[in-house]
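Below, each structure is written out as structure tokens.
Consider the two complexes below, in which subunit A is the common component and subunit B and subunit C are the respective partners.
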Partner chain A sequence: MNTRRLKDVLSSRLMLAATVFAFLLLFFMAAGLFFRASPILITVPISDLLFSIEWSPFSGKFGFYPFIMGTLWVTVLATVIAIPVSLLSSIYLSEYASNGLREMVMPLVDLLAGIPSVVYGLFGVLAVVPFINDTLAPAMGAETIGGYSILAGGIVLSIMVFPIIISVTGEVMRRVSGELREVSLSLGATKWQTIKHVVLRKARPGIIAAIVLGFSRAFGETMAVLMVVGNVAKVPSSIFDPAYPLPALIANTYGEMMSIDLYDSAILLAALILLLVVLICNVIARIILVRIERGII
Partner chain B sequence: MTETQISIQNLNVTYNGNHALKNISVEIPKKQITAIIGPSGCGKSTMLKCMNRLIDMTDNVTFSGKIIIDNEDVFDKKTDIINIRKKLGLLAQKPTPLPMSIYENVAFGPRIHGVKKKLVLDETVQKCLAITGLWEEVKDRLNSPASQLSIGQQQRLCLARGLAVEPEIILCDEPTSALDPVSSQHIEQQLLKLRKDYTIVIVTHNIHQAMRLADYVIHLYLGELVEHGPANDVFENPKEERTRAYINGTMFSDLKIDKEVDLKGNICPYNFVLAKQALHELSKGKVLKLVVDDPLAVTEVPRGMEADGHKVMSVKQINKTDWEVVIQKKE
Partner chain C sequence: MEFRRIEESIFKALMILSLVFVIGSLLFVVGVILWRGLPVLSFDMITKTGEGGYLLGKGGGILNAIVGSLYLAAGGTILAFFLSIAIAFYLQKEYSGGTRLSGLTRLSLDILWGTPSIVYGAFGYIVLIYFHIRASLLGGIIVLALLEIPIMTRAMEEVLKMVPGDLKETAYSLGATRFETTLKVVGKQALPGLLTGVLMAFGRGIGDAASILFTAGYTDRIPGTLFDATASLPIAIFSQLSTPLPQVQQKAYASAVILLVIVLVISIITRLLAKKYTRFIIK
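What follows is the complex of A and B.
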């Protein structure tokens, strides 16, 4: 009798502890990064760190601007490619496709999200990079460094973002009530008019949330981008230029030139920036989605 | 005989192997209010959905038969369903404003049918809102979201939105069941006003509403057409026993109680005397509800009242000790 109760108490406490631990981990990571990054935050003004284009650790110049711009170029390009493709396919899946087809395709879409990013990277190196180098860049009259470019990164990343946007958007669109569709149809609207003016309008906050989630996934993605983007620390001026996004910088250099003053601190600051941006994007998107679920929006 | 607007011939609908409508043939008269009555799940809403082909939206459904509107068969593949739907406005059970402003809601219909001129749209919006009595209430906030209106106003907005595409027929699917009594009354008044210009088909489970509104009545029961005819004939003198039972049954279940008297703690014959007194104060046809806890009263009070010529409508136990007796005063 008492052991039974003891087990009950213990198990609930244990689960609470596990939950708290998982939550605190995030907090400790952010706090740890901030603590280790503070030396450089004290010595160099934050505006210099964010907006200086000079990156020469040996002379103590830590301008993150090229890396931040590299990250933004790749991420924005990936999002721009991913939005139309994934929106159209999720509209098709949730509005036009038969139940059978949807049930068959959706697990495949989720599977796409589970493929290791290094595999996407390899695909990028073996297929996308040569395609840009041999076909696309010459056709557009652009110069590339062997095809390694922001465009290659954007294409590979966009494929990785598809499943997130498709599944979240589809979910939100299927939540739009049948009554609303019936109202529009009964007024004589065609199916497409109904989708365009009613379903998409009602689902708009959710679609924005899906895009923000996709954006934050692309923002933090490291391996696949690092393999195809060229990794040159220069502010890019076209999608055929190479770039050096923040995650690639961290993965490539952390642990190597640690004897240089403040280097460790600079890299950890980059990690902190990444963590915060991804965290904020996720929180915003989740808040929107939770509000949709509760029927507030 | 009045003109026919909608002619339904041998309509059969099956959902997932469930025969929802069985061989229905009926004609719906033009510019009258036709009420489709019957208990929940008898196929009333399905019948409406067949008329504007929203039944297409349902999975695993098969239908056969003919629905003729203006010499066109709704089920015929060659028929332009957009055109048919334009002729049939729909007022849904739950007020369903589109996720846009009040103005946009009403302008939605004309817009999708190609009206672009702002002036024409403005005029339509004002006209339709005025018909439903909403114009004065919302004219200063046409651009605010329709979801900010009260539920009753939302339903009138939905009616206005339907009118904006200039339908000939208005289909109403229990249009007041989500509304408070005042808003319901408002909608009913609008429908009565609209009757002279439109053919109205209203699905309702509220028999009083059907009596107040209908010119013509169709009674469905478990997918079968039990009876149909002019409202007076059906309500006053139903041909079918099932119709009679349905009308009486629902009338008693949502009876309006005029007076309530608590006789708990009183024993016979005092409770009988008190009940008689209470009934004496009511006029003919009014309904008295008694609550008694004396076991003897449960049988004796109704018996005595019936002996006096009143009508005992129901006797039921409401908790362990108490009983409820409902009596209608006669003579």
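What follows is the complex of A and C.
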């Protein structure tokens, strides 16, 4: 065998190894977290972990319910704000906007995705939290803890979710064939009717995938939420209440984690829950998107 | 005017409003940070490291965090580069075409891309404990590399896919091996795109806090070796803001300006690079 072939074979083996590593990384993460979370899964029944509201690690009570609810409130609020804004923007960009406008706006949307989450958090602290505290909450007759609330988290998070929904939806709508549009237009439909009845209907699975991806992005966001959401471990009952989402719990309790029995295990269980939720969301979204790409949907 | 025309104009107005809102929020975020941060940004902030008790209001700057962040992101990006380029090359048709591994790896990378950085942080922390590595520059670099691999690989793979098949066929017909073709034809052709992927990952790495919260540590000094703890900009912003002292909190605003400027500059360079070099590519 000459050296050229040898190089080819060797490099191909190395590349295969790297690929297998990338493929296995997800399993390593899930397995590692599961392994370290197993002590608490053995000692505390799962129903208690998921549905008990009592969180006092010092006396061995590990109820994740307030944190799970906190995460859901913030994430759902962010998604609800982000959906109409991003969908309408995306429809405009892909159906109405000129190429020039699109080429000008898309980099800005990408920029929105590139801003670090601590910067978003600081923005929340400087602009959103005071606004809720000084203007919105008094106007609505609601009480907040200095403005740190689910609403603040939801607003900041929704901005962070815009780019992902906009870019995925745009991609999906561009895949809808021009012929379909032309058929509808030739039947006398207006452009908006065509979008509403043809493009959006055809793109619906993809739009759902985009929303799921946005939701999962918001679900795991840590720093920005942590900085504005108040971090009080109670089940929230209004958007003006503070919350304590799971990612914030992980980030905040790291320092104390080592010393107490099971505490460390509980925090890593929280990370495992995050990973599993995100995993499920992503698998659903990717299956839809891959099918669209192959022309099945 | 008929109803359907009115409906169309209403929705068109709503769409334009939404788009203005999206772009407006970008300008608003950047504006707020600059407006509050620029006035408190001083020369000392960028040129001095924190003096003992910096977070308690003592003097000094955040040079340690700036340099720390650059070290972390550069290290993470270099490490991620070697793995990502290998994976992206391997995901080409001639290596893994039609195998189950390529589809599953893509799915796995997509999921990893969407995985929250705090999960990387927690996982990284387990890995560090397992290998008995303290929270250090090395720890941060490893975790950032893991975080960057999916971004870089997927970006690179997209670029490699764009290389025309004819070019490869030509190389093969001249008797080149897969490796030679990949390196000298495909790699060269895709170079600007590959660089874009690298810069994108660098930008993501330098701004991430949650993943290195547990793994990089924090110190007022610039790390001298891979095993020293290191400060980083995102975490410096977070810790300065968490203090009860207004003068330290203000330094967080200034630090955010620095981080934002770094990220914006990287993003602009990425775009210019992509534009400049696409001209020299055989289409």
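Please note the rule applied: the second predicted complex is superposed on the first by the 294 of 297 C-alpha atoms of A that agree within 3 Å, B and C clash if a C-alpha of one lies under 4 Å from a C-alpha of the other, contacts with A are read in each partner's own complex, and residues count from 1 in each chain.
We take it that a contact is a pair of C-beta atoms (placed from the backbone, for glycine too) under 8 Å apart; a residue touches a chain by one contact, two chains touch by 3 or more.
Predicted, not measured: the structure shown is a model, and the values here were computed from it.
*Asks:* Quick one: classify A:Phe51 as touching subunit B (first), subunit C (second), both or neither.
*Replies:* neither
*Asks:* Quick one: classify A:Gln193 as touching subunit B (first), subunit C (second), both or neither.
*Replies:* both
*Asks:* After superposing on the shared chain, does subunit C or subunit B touch more subunit A residues?
*Replies:* C
*Asks:* Is A:Leu279 touching the first partner subunit B, the second partner subunit C, both, or neither of them?
*Replies:* Second partner only.
*Asks:* Using the superposition on chain A described above, determine whether A:Gly32 touches subunit B (first), subunit C (second), both, or neither.
*Replies:* second
*Asks:* Kindly classify A:Leu185 by the partners it touches after superposition: subunit B alone (first), subunit C alone (second), both, or neither?
*Replies:* first
*Asks:* By the touch definition above, which subunit A residues appear in both interfaces, subunit B in one complex and subunit C in the other?
*Replies:* 190, 193
*Asks:* Write out the stretch or stretches of subunit C touching subunit A in their complex.
*Replies:* Subunit C reaches subunit A through residues 4-5, 7-8, 11-12, 14-19, 21-23, 25-26, 28-30, 32-33, 36, 83, 86-87, 89-91, 95-96, 101-102, 104-105, 107-112, 114-123, 125-127, 146, 149-150, 153, 177-180, 203-204, 206-210, 213-214, 234-235, 237-238, 241, 252-253, 256, 259-260, 263-264, 267, 271.
*Asks:* Going by the contact rule at the top, pick out the subunit B residues touching subunit A in the complex.
*Replies:* 52, 54, 57, 59, 82-83, 85-86, 88-90, 92, 94, 96, 98-100, 108-109, 112-113, 158, 161-162, 165, 171
*Asks:* Enumerate the contact residues on subunit A facing subunit C in the complex.
*Replies:* My answer: residues 4-5, 7-8, 11-12, 14-23, 25-26, 28-29, 32-33, 36, 84-89, 91-93, 96, 105, 107-112, 114-123, 125-127, 159, 162, 166, 190-193, 213, 216-217, 219-223, 227, 247, 250-251, 254, 267-268, 271, 274-275, 278-279, 281-283, 286.
*Asks:* Quick one: which bits of subunit A touch subunit B in the complex? Just the residue numbers, please.
*Replies:* The contact residues of subunit A facing subunit B are 99, 177-190, 193, 197-198, 201-202.
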